[in-house]
Amino acid sequence: MKEEIIIAGFGGQGVLSMGKILAYAGLMDNLEVTWMPSYGPEQRGGTANVTVIVSDEQISSPVLDTYDTAVLLNQQSLDKFENKVKTGGTIIYDPSGIHRAPERTDVKVVVVDAMTAAIEMNNAKTYNMILLGALLKQRGLVSVDAVVKGLKKTLPERHHHLIPLNEQAIKRGMELA
Amino acid sequence: MNSEEIIKNGTIVYQRPRLLDERNTHYCPGCSHGVVHRILAELIDEMGIEDKTVGVAPVGCAVFAYNYIDVDWVEAAHGRAPAVATALSRLNPEDVVFTYQGDGDLAAIGTAETIHAANRGENIVIIFINNAIYGMTGGQMAPTTLLGQKTATTPYGRRADLNGYPVKMSDILATLDGTCYVTRQAVHTPAAVRKAKAAIRKAFENAIAKRGTSVVEIVSTCNSGWKLTPVQSNEWMAKNMFEKYPLGDLKNI
Amino acid sequence: MAEEVKLMKGNEAIAHAAIRYGCDGYFGYPITPQSELLETLEDLMPWESTGMVVLQAESEVAAINMVYGGAASGKAVMTSSSSPGVSLKQEGISYIAAAELPALIVNVMRGGPGLGTIQPSQADYFQATKGGGHGDYHLIVLAPATVQEMADFVGLGFDLAFKYRTPAMILADGIVGQMMEKVVLPEPRARRTDAEIAEQCPWAATGRHGRAHRNVVTSLELEPAKMEVNNIRLQETYSRIAASEVRYKEYHTEDAEYLIVAFGTVARISLKAIEDARAAGIKVGLLRPITLWPFPSERLLELSKQVKGILTVELNAGQMIEDVKLATEFNVPVHHFGRMGGIVPNPGEVYDALVKHFPEAIK
């Protein structure tokens, strides 16, 4: 198993941390992982993306031409990465920031209205976990248990009380997808 | 007692300090460096700290200070002595670390290192030889050169509009919370030498007690650079330098 | 499991590894893309656990001179920065090399010249391997390609630096600094005691502590005849290093008809391109220099007699290619493919470059 994923959107949408939690979950499931961020001054507002590779074999290049799965959270990211998804791959996108839907017919397109769901959960910060839930539903990759363990590793202790809420958001995402 | 009687009795009233090497220095006759070196060698011996003292030599006339005083030394790049001393002191907190720097080293190229080491309150002693000129490279303008003073690079005298103003580095350092003791001394008379020695002793005591950074500026002569005899240099210094760089404690807490 | 596997960035791995190595002091100044290194150290507060000193200096210039001072007293000290900051450190690096002091310098490269970009680059190859500062000297230059190597090369770098009394550099690119991967950190070991330092570093300026003579650490020698002797001694050290410390890794070279030479993350990108090329029937292998100085010239000369052509892939305008050409004595055509300014090529571009330069490879 090898899954090459791009997660892209605005800085502040939790793109990097979503990738990080996925990578940690991979670690918990004893998989090989790489997490390669776009880095720079674009932490809030600009575009941000992260490439995550989860594999049961050693990973050569952390830099990729094409992806198995793309989670795309704004128009720029969709424009940039839509054509880089492999035939038969998956595009997951949130329609709230997107005015032109994906046009590819040779990939699976999954719409997840994560923004609305997050508002319904009264916590905008659950946004990226809802999307992560959708990704897990579509692609498997790692267990929800591993994600919860990953959350424990990535969140500072003082935020551990938020883990149940994040778990709920992941489950909500799984329902939506 | 006359001198013959003193010699006959073997009474020693003056001798080379034990830690000052028995060799000729490269300093010009009449230069203040020799006196300050002697004070340091005497003090390190008297205070019994030769085993834990590390000196940091500058780039400038005192670059070879390590050839004269019998303690461990590190020769720093130009201006970087306070950074070098910072690490020596932090990594060897029981050591007594001092820098020995001229005006170009401390107040021009090493301004940042000097100010920030002092601002961190490193437990070091900074000996600052201010002779208002670059001696080693042949008498060019220093940051502390007085207005009107002629040097190889201000042949018609330093002009504020062209060269800026002489910088009073000790006054700046005294404003920093990290310094515990900032004083300006000279070594042109026996009385001044005694005062300078007491000041440097206090600075070393501060470093041992970890009170922060101590700065002892020695307003000095450079008879070669100033193109004066040693005696004339002392007179010129007292007449011109002390007005801009008045002697005394700037800070003592 | 016996050893704990962690997930962290390359920059963070270096910080953890430094503490575990028993590093005595870190001195640095923030600059993207390596600031996590100092941040991690400040967060871990090793002064509370191992006694390691961590200091945010006022500049890169001050930081490298702190390293010089710490190294002069026999301590295991290090600094890190990125390209513009490493340029500022060159004065101090030259002094450290000249004074024959051990030290570790980390350069997580970003694109230049000038202020350039904060995105990844390998454009400091010349600076790192040919000297960088003034005078005839070399650094031992280690090029990590994984987060694991970022951690491992801290210990390796310090060990080599102390063995040969010369500064070592970890020359990483921004990708491996910023990327997270699994890493097994080295076993913690105690910092050396003052007695051990006095024994291992009899030259160190620590205060005399009963020593009959004084130790002076200096790079100054005005007598040309003596200064030449100092230079000859340095060159002899470099010869010993070149004879015993060359490190590299080979991939798919046994039957290779073509060879890619690449270091750092770019070697991994090239490896993926090689997998694709092999699937298309092109027998191509990879040589990844781990030590950029000393350079694996001998092995390259051997391989140049086996392959029909060599492609160097670098994040620069073609720097390592000069060493490859010198090593291979023009036995085979050597071409360069590189991206600059912070652009990182993807495996497809490397594959295309291979086919462009060696069209006959596709049968």
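Per-chain numbering from 1; labels A, B and C assigned in written order.
By definition in this document, contacts are C-beta pairs under 8 Å (C-beta built on N, C-alpha and C of every residue); 3 or more make two chains touch, one makes a residue touch a chain.
Quick caveat, the model's predicted, so the values are computed rather than measured.
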Common touching chains of subunit B and subunit A: C
Taking every chain's C-alpha mean, which one sits closest to the mean of all protein C-alpha atoms? C
Provide the C-alpha centroid distance between subunit A and subunit B, rounded to the nearest whole angstrom. 63
Between subunit A and subunit C, what is the gap in Å from one C-alpha centre to the other? 34
Based only on mean CA positions, could you tell me how far subunit B sits from subunit C in angstrom? 40
Subunit C-facing residues of subunit A, complex: 20, 23-24, 27, 32-37, 39-41, 59-65, 153
Mind listing the subunit C positions that touch subunit B in their complex? 24-25, 27, 53, 55, 57-59, 61-63, 65-70, 72-73, 75, 77, 91-92, 95, 99, 205-210, 214-220
Subunit C residues within the subunit A interface of the complex: 5, 7, 32-33, 118-119, 174-175, 178-182, 265, 268-273, 275, 344-348
List the residues on subunit B that touch subunit C in their complex, please. 50-54, 56-57, 63-64, 66, 70-77, 80, 83-88, 90-92, 94-96, 112-113, 115-116
